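After this come two complexes, each holding chain A, first together with chain B and then together with chain C.
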Partner chain A sequence: MFLHGARNETLWPLMGPPTVWALHFAAVYGWAAVACAKATPDDSMFLAARWGIGALTVVALAMIAYAGYRAWQIWGFGRFDPPHAAGTETDRRRFLGFATLLLAGLSAVSVIFVGLPALFIAECTW
Partner chain B sequence: MTATTDTAAGLPPPGSEADLARRRAQEERLRKTWETPKGIRYWTAVNNTEVGVWYTATAFVFMLFAGLLALLMRAQLAVPDNDLISADLYNQAFTLHGTVMMFLFAVPIFEAVAIVILPQMLGARDLPFPRLSAFGFWSFVLGGVFVCGSIFFNAAPNAGWFMYPPLATDEEQSGIGADIWLLGLSFIEVASIAAAVELIIGTLKCRPPGMRINMIPLFAWYILIVAGMILFAFPPLIAGDILFEMERMFDWPFFDPERRGDPLLWQHLFWIFGHPEVYIVFLPAIALIAMIVPTFAQRPIVGYSWIVLAAVGTGFLSFGLWVHHMFATGLPTISLAFFSAASEAVAIPTGVQIFVFIATLLAGRVIFAVPMLFATGGLAIFVIGGLTGVMVALAPFDWQAHDTYFVVAHLHYVLIGGMLFPIVAGIYYFYPITSGKMLSMRLGKIGFWLMFVGFNVGFLPMHFTGLRGMPRRVFTYPGGLGFDWLNMVSTVGAFVFAAGVGVVVWDVVRPKSREPYAPRNPWNAGTLEWLTTMPGENWGVRSVPFITSRYPIWDQPNLIRDVDEGRGLLPDAEEMKRETLVTSVLDAEPIQCLRVPGNAWSPMIAAFTLGGVFIALTFKWWIPALVSGVAFFCVLMFWLWTSTSLIPEKPEKDVGGGLVLPLYRSGPASIGWWAMFITMTGDATAFASLVFGYFFYWTVHADFVIDGGGPGVLWPMIAMGLLLASWAVTLLARRWNSADRPLPARLALVTAAVLAGAGGAAGLMGPYTHGMAPTTDVYPAIVWILVIWTAIHAAVGVIMLLYCLARSLAGRMTAVYDIDMRNVALYAHFLAMTAVVTFAVVGLFPLIN
Partner chain C sequence: MGSSIGKRRLARRAAAVFPAVLATGCTGPQSALDPAGREAETVAHLFWVMTIGGAVIWVAVLALAVYAGGLKRQPVSEAFAFRLIVWCGAAIPTVILAALLVYGLYLMPELRPWTREAAAEPGLKGHVTGEQFWWRVRYDLPEGAVESANEILVPVGRPVHLTLTSPDVIHSFWVPALAGKMDLIPGRTNRITFTATKPGVYRGVCAEFCGESHALMALTVRAVEPEEHARLIAAEARPAAVTAGAGLDLFIAKGCAACHTIRGTPAAGTVGPDLTHVGSRPTLAAATLPNDQAARERFLRHPDAVKPGIRMPAYDMLPPAEIETLARFLGDLT
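Entry: the complex of A and B
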């Protein structure tokens, strides 16, 4: 009712890719923090965390890629140029698709940024 | 639906005598309905045109006060070994300077400006909850005066604006100032969340027909995002404030390492709020630039979707940056790296916005009027602040620069360039909307150059003072360390900057009664706020037009004429009631004619009584706090009972052009339901922060959960069961009420209330029967906090259920007119969720640990 437009559309998909980024961020931060706080002498927890963060990063990128593909589809696969400023349902839909696609790009870059430390940092202490 | 603007059925031909008579009669009724009260009752006004202007003016007064404190500090630092002011007064001055600038200027000014211009921009008569805006304003005034006034009694907070324990939890060191900070600002945070509710719903639901989501002014996009950020940023601070004040008031050891507390938890909670806050401050100011740039380039913005990307993207990423304020605290390197990476990533959307503005200016014919001077000058300053931001986002550099004047320089470049200059640009730009007069272009230019030059002379040297090793927050320094002359230059610059601010302030307040009114739409802008006449009327928009463009005044011929002649929607106030349109979120189709409440004392009295509670608690005056709390409760009940969920005299009305809209909607179709949803989202965030606290302690202590020292399993499970039963029975009450079976519905309401009350009490029984002493250790303390939080929410649930019962008995809640019941059912969902999490954490988690 509230956030819905015609054909049961809502504003929520726009938030999808950055929400995946946020969940990924919270998960990798939490995992690393617990692994370091509860570290065992053999470092196995931290190693597990590094692999886990890698896996989470792949999963998050896959989810963003899916959301981005859907958005690309809704936008019309780039056949129509912005600004999508007309007062029509078509333009409103293309605008949301395009904006979501842009957000998917930003979210993907940010997920990669945040995932990278697990590749390079090999221990908790310094 | 598409023809509402021009061919409204049954109107006399334009220009005829009959048409003029119709228009005059409508205007008379509208003017009377939206009239501002005279005399003492002026202060009961709730219309956005009054409240917004008061709000803006008050925020500026606080800004000037904090600016004077800054000058005092700069005077003290001008020469080495100065004794102009004492170390203690200096501590109070810098703490209050930061606190006031952030909490009493930067955040409120965005709410204030949005209250003034958002309804105008959206062709609405007012925001959906005008009394809530008024309540927020009065809370802000009272809390602000309380916090600022403390310095005149030598009792201001003095531990820095982020109040780190253990300094700020030490009663000897920090005195009553810390309590004033915690309670005074908690009170204002409540007002900010109220504004967030108002602005989210205002943006999404109170637009003119035709203004689909791809056409809303960019300002509205930013406001939507920022209001959403407030919901997730302020509650962690409120949770932190609760823990902090429990430690100061009752010696619960949340931040005391001797009893297994941890000062770092405060830093986390503060900066989970504090970093998004920077963007909460910055984005609305950029939003002003996004309105100003197209006007002075005389063309639509280039890259509307890219701005939306930037606003939404920054809104999210800003929550992944908080630890970059804590790089020097010894967290694991990998944690630092996550935050360093996210801090670099946020530069992407920030940069996108700046390139969009540059592209728009390149593509248009730029007119360099005063608002553009401030906008571009601000951006130039901000870019420098952004670049030093990229530097300090790198942990190794930050370790060198941490807590030096380099950081002071960085944050002032960000905030003054990214916030203050755009705000001044906005004042010059929007001033005609509030007063009908223009500001002086000559004074504006003088003010700009004084501010721009003064700022750079004042703050650029601080980068070098910092790199040469001067720490921030020192009240003096010995001579010969290499920063004597740098400090003198900074002081000179600060006074030049202040002179510029003085010129701008004079321009705003100087008498203008002899000056002519500005022409209508003086900047030839394209958006709806410029429909206003000079001087404006209280009704907002004469009639609500149908929108077909992002810049309707530029692109829709006859728009102004049709609006003026009452050919849009809601051209009249036949019943002499204040009304505005509610439209659907994505496509802005009209779905309701909303009656908004008018002027009243209740918002002001509610704010003052609630403020009384906070102020009395500061001084530990328990009885006055209780009395004030009871008074607040009574005012609140009066307010709700007399002005919310009113049953209209007819189910629907013709809003013009043959369009008939309902006057009452409930459940997810009503704005009240969404206000509850948004408020409870904020509430859930605060709760999540407390739960985070529990698990934070669990990670830092190997044996955090004391064996046999917890609340047991039995009582938590009983409490969870009772509260879930209360939830189920509340849903039954809603069902029976909808089915027009009042008797079972009322019985269910009573049952649900009893179950909720019993559930809350059972929750408290767990720690009570196990003799958990919250002052001995952080584990019992955090368990107590979680169950008390849940019990208070259960008690609020009891009040809500009994309120529904009373409404039903009084005939004010029926099967059709059931806003109250549906909102309370929504609250019940949140209460059930809170109960499940709390009792699973305190009762079951110790078992698996």
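Entry: the complex of A and C
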């Protein structure tokens, strides 16, 4: 999904970072809900969820960073200015790279925001 | 001409009155902007940070719009436009949102019942049940549980820890001057912790629509110094002041005892509020009426006219003399 085709440009890589964001979001919400529903007095479930959410966040950020780096490369590391609007294969690839890079930035910020509560919330009300 | 002067005078008068209305609207026994508790102070602080921050951003955006639309006639360079979008459209909003998120999360343990030390070492523990359309209150004292209703006595400077639930529909417990809101949900037990910092009488409301008389489901929270609190709670724990006489006989004969408890008498109903010390409460029927003889008589005759949908039958068929006796008896239950 993260790999831009060697020759034929495809839309799939564009969806990589937002997909990671969506999966991370669903996993974090699900894990926190289950941990709170099954909360035990010693809080081990919740503690596991906090560390788990932390780990998921790191993994998601790493995937987005990789996708972002690949996109940056495809775009040409900023050597060419947008809007890449010509009907050529080069411009199409640069446009996709640039758009993917922007989406990677947005997805990274969102993943951080979604994971952040695990850092602060120390307990669930059962 | 005349009308324009009139209008101007009206505008001037409005300008003079408006701040006064605003100012009085923000103080008093039921205002989140006039905090008398630790949690409410946090909420008020958050409110001012958001309001002032929002106002600053609003003014800045408007100023920019005026500058771009009216003052600067030539287009800006493309590089400038790009920097404007990157900084004002992406970077700064992201930083502001991140800061607000961290600030909000940091406040949460303060606002919500997760504060463990408060839960472990409360100055008062209690249980509040929201019922259509009143509050059942139970103090969980070391000596045992004490039932009351529609009024909560709390000690100043000590954390109060309440568990909240409901037997019928969702209600919400909100005493703006003391703390944030917490829902009372059937089948669930929620918790709220708050600490009053100033002695006083505060008004709380049900903040989740619960039926016809939702807006008439209020309560009083009286915050007093801890010694005074111990005295008031001891009084609350005692049986009723009047345990015999014509009033009580009527109370039992007319069936009130099926729904109401008066400790120290055979009346032991649990459908409605505990009336053991109803005469000592400042208000009647969940802070809907003043607690005086006339209001008590009116309430007994037509509870449904006072509170539509109320779960207490009307007693307008009783002769006025009996209503008067009952109402006087209730007032004597101090």
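Throughout what follows, the second predicted complex is superposed on the first by the 117 of 126 C-alpha atoms of A that agree within 3 Å, B and C clash if a C-alpha of one lies under 4 Å from a C-alpha of the other, contacts with A are read in each partner's own complex, and residues count from 1 in each chain.
Just so it is clear, a contact is a pair of C-beta atoms (placed from the backbone, for glycine too) under 8 Å apart; a residue touches a chain by one contact, two chains touch by 3 or more.
Nothing here was measured: the structure is a model prediction, and the numbers come from that model.
**Student:** Following the overlay on chain A, give me a clash-or-fit verdict for chain B and chain C.
**Tutor:** fit
**Student:** Per the contact definition in the header, classify A:V109: touching chain B only (first), chain C only (second), both, or neither.
**Tutor:** Both partners, chain B and chain C.
**Student:** Count the residues of chain A touched by chain B and by chain C, then name the partner with the higher count.
**Tutor:** After superposing on chain A, more of chain A is contacted by B.
**Student:** In the overlay, answer first, second, both or neither for which of chain B and chain C A:I121 touches.
**Tutor:** both
**Student:** Considering the aligned complexes, could you tell me the closest Cα pair distance between chain B and chain C in angstrom?
**Tutor:** Comparing every C-alpha of chain B with every C-alpha of chain C, the smallest gap is 5 Å.
**Student:** Do chain B and chain C land on any of the same chain A residues, and which?
**Tutor:** Residues common to the chain A contacts of chain C and of chain B are 109, 113, 116-117, 120-121, 123, 125, listed in rising order.
**Student:** Using the touch definition up top, name the residues of chain B that touch chain A in the complex.
**Tutor:** Interface residues on chain B, with respect to chain A: 204-205, 210-215, 300, 303-306, 308-309, 312-313, 315-317, 319-320, 331-335, 337-338, 341-342, 344-345, 348-349, 547-550, 584-587, 667-669, 674, 699-700, 702.
**Student:** Could you please specify the touching residues of chain A with respect to chain C in the complex?
**Tutor:** Answer in residue numbers: 105, 109, 112-113, 116-117, 119-123, 125.
**Student:** Given the complex with chain A, which residues does chain C contribute to the contact?
**Tutor:** That would be residues 90, 94, 97-98, 101-102, 105-106, 108-109, 112-114, 116, 190-191 of chain C.
**Student:** Touching residues of chain A toward chain B in the complex: what are they?
**Tutor:** 1-6, 9-11, 14-15, 18-19, 21-22, 25, 28-29, 32-34, 36-38, 82-87, 89, 91-92, 94-96, 98-99, 102-103, 106-107, 109-110, 113-114, 116-118, 120-121, 123-126
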